[in-house]
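What follows is a pair of complexes built around chain A, which joins chain B in one and chain C in the other.
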Partner chain A sequence: MLEKEKQFLTGHEIVIKACLDAEADVMYGYPITPTCEILSGWSNIGKQYLQTEDEIAAGFAVCGAVLAGKKAFTASAGPGHILLQDAFSMAEAMRLPFVMVIGQRGGPSSGTVIYSQQEVTLACYGGNGEGYRLVYSPSNAKELYELTRQAFNDAWHYRFPAVLLTDGYLLKTKSVFNLAEITKMVNIPAHALVPEDKVVHWPNIYTLEEELNEEINETKKDFSAISEEISKAESYKTDGIEYLVIAHGIVGAVAKMAVDELREKNIKVGLFRPITLRPFSKKQLDDLFVKNNIKNVVVVESSFGQLARIVRDELAPEIDATFTYIQKPGLGIEVEEIVEFMKKLKI
Partner chain B sequence: MAENLAKFCAGCGYPITLMMLNKTLEKLDLQKRAVLGLDIGCALLAWNFLPINTFQTHHGRVAPTMMGFKRARNNSICFALVGDGGAYAIGLQSLIHAAKRDEPITVIVANNTVYGMTGGQTAPTTLCGQVTPTSPKGNIEEPFHGPEMLKGVIKDGAFLARTAVNEPKQLQEFLQKAIETQQAGHFSLVEVLSFCPTNWKTNGVDTINKLNGLKDIFELGIL
Partner chain C sequence: MILKILLAGDGGQGIQTIAEIICRAAFQKNWHVSYIPNYGLEQRGGVSLSFIQISDKVIGYSKFTTPDILLIMSEQARARVKNYESGIMNYDVKDYAQKLEEQKIGKSSYNIFFLGLLVKYLEEKNVLKKEEVYELLEKKLGKKLNWEENKSIFQTCTL
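Let's look at the complex of A and B:
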């Protein structure tokens, strides 16, 4: 039967569809809100899956599966995301194409169960390493699909672990998903990292400090080499701006609507929306400051500065920018709040 | 037979277990299909020891990693080599559930009653009264009997056994049975009583005596 072009789907269903279309073989997971429906949905489509005893086992089972050459993934949130960082750090060290979907919920601890943007630092830098992982932040249903596919492709192509960093609002919202609008994508095939035809001896712990240092330098080199190619951001209405709003995920979608409204009021504001948080579209951001005389940068996020810290860190040090912030950990942000904030800022 | 020189301490029991494993694989002509996952602890030192696919994982995490591998490649023969701390303390939750689900992997646990790599601290298998750096007045708890505990959760067809590094014939026999169990699609675990003269601070004679003494507390045989 031909698939209908337009479907009314939840974010969970879109993620499952993207994983299927990415030719994922297996999911390991442990139920946690707001990502339970990915596990239960995947469990009902006849693909390989296992509900493990905890997220630790789920994460390491993903490692085992990708070592054997299968596309594997997990989905989790908050406290489960913390446990997954154990396996994810092994994936970072061994350059395993580990894909995880994170539906951010409020924190710290068990926090709240549906929405926040407080897992940015954990997703980007959660291990005891340097954060050499790919982190995608979708702002709508279309991106949720495309970036899930992208995460599998980039993970297997470049051999870095990948996080699809979303939230319960986007996952639980039902919206029209239009296949015709989706960018066509060719899957990067999986391959066995522990081959069947030759013997591999593979350490992830080193006797000499120099050996580890060399390994990390190598990883850094590889990560930097692909950064420009795979980092993505949207610059929206950024010609001739005096004000720049920076936001990601669904707050990015809200900020976009705020920019439209403010432009109607002749306020020269644009949006920079990082689509990948790791690697970060550093040059694209720097260029906005080169091309414009930006008076003020407003970083908007549902956290106390987890995105802002990345932005300040990535922005070229010679760029002198004034920062202000809208920060509401655990709370959604509405268009009107950003509009009002910007109007006051201008006065 | 070994690929590289052992980096284990002089007198360590691990190389005996590994050599026996390799011998068994050779006998069954399964070296090419064998995949050896290593826990972190002294097991990690085996990363380039045998001429079979080998990788290191994390402390306590080798069982779920090998479960993921085995489920992804059915025809592989998957081993999880782990110490008593990795198996029965930090990794116990995963071990119980792997056994309960009857995952067709073979777990090989080296039981030397201490955390060897970190300096001989108290393990779940440490004897009552045994002095360690973290039980300076002697351990107040009774030791943990891993295979006996798992007996309550395994399914028909699974294989649980305990042997010792100075029982080479039995060690090889149990490893073969464990492999055959895995090939039949069931969970297997072989606990190997092993010695650690470095942390036991024993000479050759005392090392053997202590190991033999352990057999009175940890009974050898198939459970």
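Let's look at the complex of A and C:
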């Protein structure tokens, strides 16, 4: 049957479609709002899955399956995401192509069930390591599809665990999805990481401090080497600006609309929207500041500064700029709020 | 053009059913459509909201506080949406009490009654076609109890 190119789909359905097109083999998971529909949708189309007793089991099942050469993934949120960080840390230690889809919900603890941007730190730096993982933050349905595909490809190509960091608003929204607008992508195939006929000693624990230190240094080197190549950000209307708004995910989409409105009112605002949070497009951001001599930055997010901390950390220390913030943990942010804030800032 | 529609009712009143039908009909007319349901943790009895946007441009964000069309189908829902601006078009169940009684419309069909009113307005604005909505409605409810009753409510309301 010929598939219609334009469809009316939920974010969940788009993620499932992307996982199918990425040729994912198996999903392990434990249902939690707002990602239940990914597990139920994946099982409903007859794909291989296992509903485990909890997220800890789901995470280690993903580790095991990818070692055996299966493209495996999981999906979770909030408290489930916390439990997954155990196995995800092991994936970071062993450089496993672990893919997880996170639908951020409010926190701490069970918080609220649909929306926030409070799992940024957890996704980027959760676990007892250094945060050598790939974190993608889609802002719309098209990116939700493309970055899911990208996460599988990058995880298997570069051998770093990957998180698609989304939220319940994006996942639950039903919108027009046009396959014709999607950039064509070739899949990086899965392969057995341990050959069946060989015995391999592949530890996630070391006897000597030096051994571990050496291992982490290697990982850092590899991560740095690919950072510029795979980090991604959108700079929008940034020529000759006085103010730079920084936002990610769906807040990034809202900020983009706010920039359009403010530009019509002749307020010189542009947007920097990180698409990957790890690795971060550091050079692109530094260059933007230097080129435009930007002195005023507004970081907008649905959390108390989880994105702002990353931005301040990544921005070259010699760059001197004043930071202001719109921070609403657990709440959506609307175009009008950003527009009003910027108008006041201008005065 | 962008049209923001907020539907508010109690869980179980069929708010999401009519939201889905309106969105599907608008999608068939090639509009950009965005729809996000919103309800609490309750299995039933909580407030159920539908945020719908229909536009000729790509829609960037699925939530809003300034609806153009606002439907309120219960007391509880009225309290829940009090922080939202009222729309250009407001449909409030309390203003239709007499009409609902005159036409002997049962509580389980209130959603179809208001679907009819909304569709009548949206067709006048060239957003969708009532025949197409009818087809979607029949597909959804045609084999269920009270179909004949719902069918006639819809047809009367869209006249």
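Keep this in mind: the second predicted complex is superposed on the first by the 347 of 347 C-alpha atoms of A that agree within 3 Å, B and C clash if a C-alpha of one lies under 4 Å from a C-alpha of the other, contacts with A are read in each partner's own complex, and residues count from 1 in each chain.
Heads up, the rule we're going with is that a contact is a pair of C-beta atoms (placed from the backbone, for glycine too) under 8 Å apart; a residue touches a chain by one contact, two chains touch by 3 or more.
Keep in mind the model is a prediction, meaning the values are calculated, not measured.
Asker: Is the arrangement of chain B and chain C around the shared chain A a clash or a fit after superposition?
Answerer: fit
Asker: Looking only at chain A, is it chain B or chain C that touches more of its residues?
Answerer: Between chain B and chain C, B touches the greater number of residues in chain A.
Asker: Identify the partner contact of A:Glu334: answer first if only chain B is touched, second if only chain C is, both if each is, neither if none is.
Answerer: A:Glu334 sits against chain C, while chain B stays out of touch.
Asker: Is A:Ala253 in contact with chain B, with chain C, with both, or with neither (first, second, both, neither)?
Answerer: second
Asker: Is A:Tyr236 contacted by the first partner chain B, the second partner chain C, both or neither?
Answerer: In the superposition, A:Tyr236 contacts neither chain B nor chain C.
Asker: State whether A:Phe323 touches chain B only (first), chain C only (second), both chains, or neither.
Answerer: neither
Asker: Output check: A:Phe289 vs chain B and chain C. Expected answer is one of first, second, both, neither. What do you get?
Answerer: In the superposed model, A:Phe289 contacts neither chain B nor chain C.
Asker: With both structures superposed on the shared chain, find the angle between the C-alpha centres of chain B and chain C as seen from the C-alpha centre of chain A, to the nearest 10 degrees.
Answerer: With chain A as the vertex, chain B and chain C sit 110 degrees apart.
Asker: Once you lay one complex on the other using chain A, what is the shortest C-alpha distance from chain B to chain C, in Å?
Answerer: Least C-alpha distance after superposition: 27 Å.
Asker: Just to be sure I follow: which residues of chain A are touched by chain B in one complex and then by chain C in the other one?
Answerer: Touching chain B and chain C on chain A: no residues.
Asker: Under the definition above, what is the set of chain A residues touching chain C in their complex?
Answerer: Touch list, chain A to chain C: 8, 113-114, 140, 169, 172-176, 250, 253-254, 256-257, 332, 334-336.
Asker: Looking at the complex, which residues from chain B come into contact with chain A?
Answerer: On the chain B side, the touching residues are 3, 7, 32-33, 35, 37, 40, 44, 47-48, 51-58, 61, 64-73, 76, 93-94, 96-97.
Asker: Write out the stretch or stretches of chain A touching chain B in their complex.
Answerer: Of all residues in chain A, those touching chain B are 25-26, 28, 48, 50, 52-54, 56-70, 72, 86-87, 90, 94, 192, 194-196, 199-205, 207.
Asker: If you look only at chain C, which of its residues touch chain A in the complex?
Answerer: By the definition above, chain C touches chain A via 23-24, 27, 32-38, 41, 58-66.
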